[in-house]
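Note that chain A is present in both complexes that follow, paired respectively with chain B and with chain C.
And then the complex of A and B:
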């Protein structure tokens, strides 16, 4: 019971007032707090997504003996603002041949699934308030969290296919067809590599998987090294990034958002980066122990200073995710694009057998060693 | 055996790791970008920048004027009486609008009074600013700048 409900009781209130206080409490817990968390999370994620673009461009520049964007603000830190303004001010063109309604709907389809996945990510140990309540650093700590992430990240492909088809032009359509064939290649290895982690962690809930790693005393990257490799590769394909950026084909071929301009293009752009952040965050919680502080006894620290442990956990999580983000930029700076038959070959001939063997391996490991 | 070997190579991808090592090497290397407006570029010695005329040593022989394929140099010698003692031109015009930076005017000059400077920022605000005269032509070697100043009143020649 909250302080409010208790104080209502202390004042010797009528049952009606007590009931109202209870209703207030329930409303706060079902609507108020989740909404507040969603707003904070969305703001944080949007900021990170904006700056991951800056991060990528600067880093890509450094990899290529350039400096990258450094003119707008100190170190170019205002570049995302400038880019956003530019996209907002550009003319919004709907081609004559396009199906206008679907054409306008497609960016939304790409945009929302990318942000939906963040809802189930557990960012840190629960925050303890003075009144003795614990607020989880998660919008919805659902049982099937990781499944939800997989499901909604597959939904993002509909936005791409819809965008390509409704443009009413052949090049976007081809781009979105490549995207469909790409999905065939990576989806199954990706899921299988996650299944290995689920076997190890014994749960679909992301916070449980992190807790299992803390209990084991080792991150799942060790027992699930193969799964980690498969996840890394298929995650690149999942986010449509170089070297698997077939739907987009930024450098040479024309991709699914050829006909898009202004902020509608911006939505696809933001969705791609949001996907990249999501995939990094999920990788960090599945394989690198999420908000676990490396080399620190988290349980003891949490018992002593719960809020310190939570705050540090968020930073640890961010640092681990940044490692993945760095990795993705790194391979973007290194590799040229694969053809889509090559990608299918990698998916089905290399990744799938490895992922399958790994599931069996992890199952045996779980059976005999990690009970 | 061959198939297994190929599969192993596909799985361990040595060449991909090699590529990633190369990009990391370049990450640590110095960058080639010049932050131009902040840091002035170091130009080659023979950069063909805007023409610099040393009015003090010019003898008004008009060789440069004749050599110029664009006809963008006009030299006005001083009156005869003056010319006997002081050969410096009464007026020297360079129409930067037409100049090709070809250097044909530099070669025939008997006194070496005209040559290319390092100045490459040639954009001007007004069309008339492209016409340089005796006052605005010389290039201030210490300042690495023309004496011509945007903020001051630029003389407009008709």
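And then the complex of A and C:
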């Protein structure tokens, strides 16, 4: 009776009410906000992935003195929607010779590693709300950031191997073996070039690496120029793009997803472009200072106008990543495809020693800087 | 550990997207059984032997060499992060480690594990 009176008279002050308010607060902070961020992030990434295909085809058109897709909607902007719908509505074919379970599992394994890495990317300095709280522009700014990206993105190989093997057809099997050994060969130079950046930045956390570049006053592309070159080349090979597009040469080579059609093929396709976006974003944060505004004192700007600094940071980050996306298309329009033995030789005999030597070089540089 | 919870949620959503999309698509797309359509791709020729046969040994060599260097990078990660605290001692240690690795690399090279021409 007395408790009822108390809770009616003074809401929220009883221990029970306070506890409920606190669990609500905790739930909001641990699940609610991350969930909202994840939904926004996934929507943004999927949109970018859809339109990077349009961007690529339009640019290739310009490079080759053609128009590119310009019929569906203004400037062909509805082309990705039309393509997506077509794949979505196509019949789902599982060949009789395939192992159905693994065949259906493979696109999942190709898809999720390409997206999970985005969770640890810091997009800008935290957004300050009027109530004095700060919301980071990141789903989870964990201390293992870049390591998680590397670990998860190499899981994509499982999608390729499973897809090729379970198809029950010899060309996909050969294609998947080729792609897998290509990805293995280039994963090591890629990892070593990232290690050089970790040496310079002193942390796995992507926001720390950006902060280290701001503190140094120079982006890591300068002290890590070799690492940057190795990263760029290996990144192109890791995402199976021209001139390393042996897994899926559009004109003649039969790749690991030959037996896939409709939306299942669509997921492999989306995963490839998402990987390309992810690797561009990571390159922008590791080598080009991420959300740092070039030529501006970010700390001072953030102290004066925190939200302006955050918003501009997102744009700076997007612009830097777009540079890499443009670079991808540019080399696709420029270079012919490598032969398979050339591809593996570049990975093992050229890039790997350079990357190893670069790690030693950067270690010496860091030692000299520390002194 | 709580910092990783959002990644877990993200993983759940990313895993669910593929089956959910296919499930929704199943309501809209056609389904017509055709024996010939479901044959493996062979440019129109009938398949004669199982595709899951022997595989060139080069792929195994690549995998083994990859394993060596991948394990090596795992050792380099903690060193790279703790570089400031380890200082000169750490650099010397890692250089010895890298020298051993280069020896292994040269061995693999001389044995022809990195050649694909023939």
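By definition in this document, the second predicted complex is superposed on the first by the 357 of 371 C-alpha atoms of A that agree within 3 Å, B and C clash if a C-alpha of one lies under 4 Å from a C-alpha of the other, contacts with A are read in each partner's own complex, and residues count from 1 in each chain.
Operating definition for what follows: a residue touches a chain if its C-beta (ideal position, glycine included) is under 8 Å from a C-beta of that chain, and two chains touch if they have at least 3 such contacts.
Bear in mind that the values here come from a model prediction, so they are computed numbers and not experimental data.
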{"item": "Touched partner set for A:315, first chain B, second chain C, both or neither", "value": "neither"}
{"item": "First, second, both or neither for A:354, with chain B first and chain C second", "value": "first"}
{"item": "Chain B versus chain C as contact partner of A:165, first or second or both or neither", "value": "second"}
{"item": "Partner chain in contact with A:31 - chain B first, chain C second, else both or neither", "value": "second"}
{"item": "Of chain B and chain C, the chain that contacts the larger number of chain A residues", "value": "C"}
{"item": "Touched partner set for A:326, first chain B, second chain C, both or neither", "value": "neither"}
{"item": "Set intersection of chain A contacts, chain C complex versus chain B complex", "value": "349"}
{"item": "Chain C to chain A touching residues, read off their complex", "value": "2-7, 9-11, 13-15, 17-19, 21-22, 25-26, 28-32, 35, 37-42, 47, 51-53, 55-56, 58-59, 62-63, 65-66, 69-70, 73, 76-77, 80-81, 83-84, 87-88, 91, 94-95, 98, 101-102, 105, 109, 114, 116-117"}
{"item": "Interface residues, chain B side, partner chain A - complex", "value": "7, 10-11, 16, 19-20, 22-24, 26-27, 29-33, 35"}
{"item": "Residues of chain A touching chain B in the complex", "value": "61-67, 70, 330-331, 333-335, 346, 349-350, 354"}
{"item": "Complex contacts: residues of chain A adjacent to chain C", "value": "30-31, 34-35, 37-38, 42, 88-97, 107-108, 111-112, 115-116, 119-120, 139-143, 147-148, 165, 167-173, 177, 180-181, 184-185, 187-188, 191-192, 195, 198-199, 202-204, 254, 258-259, 262-264, 267, 340-341, 344-345, 348-349, 352-353, 356, 359-360, 363-364, 366-367, 370"}
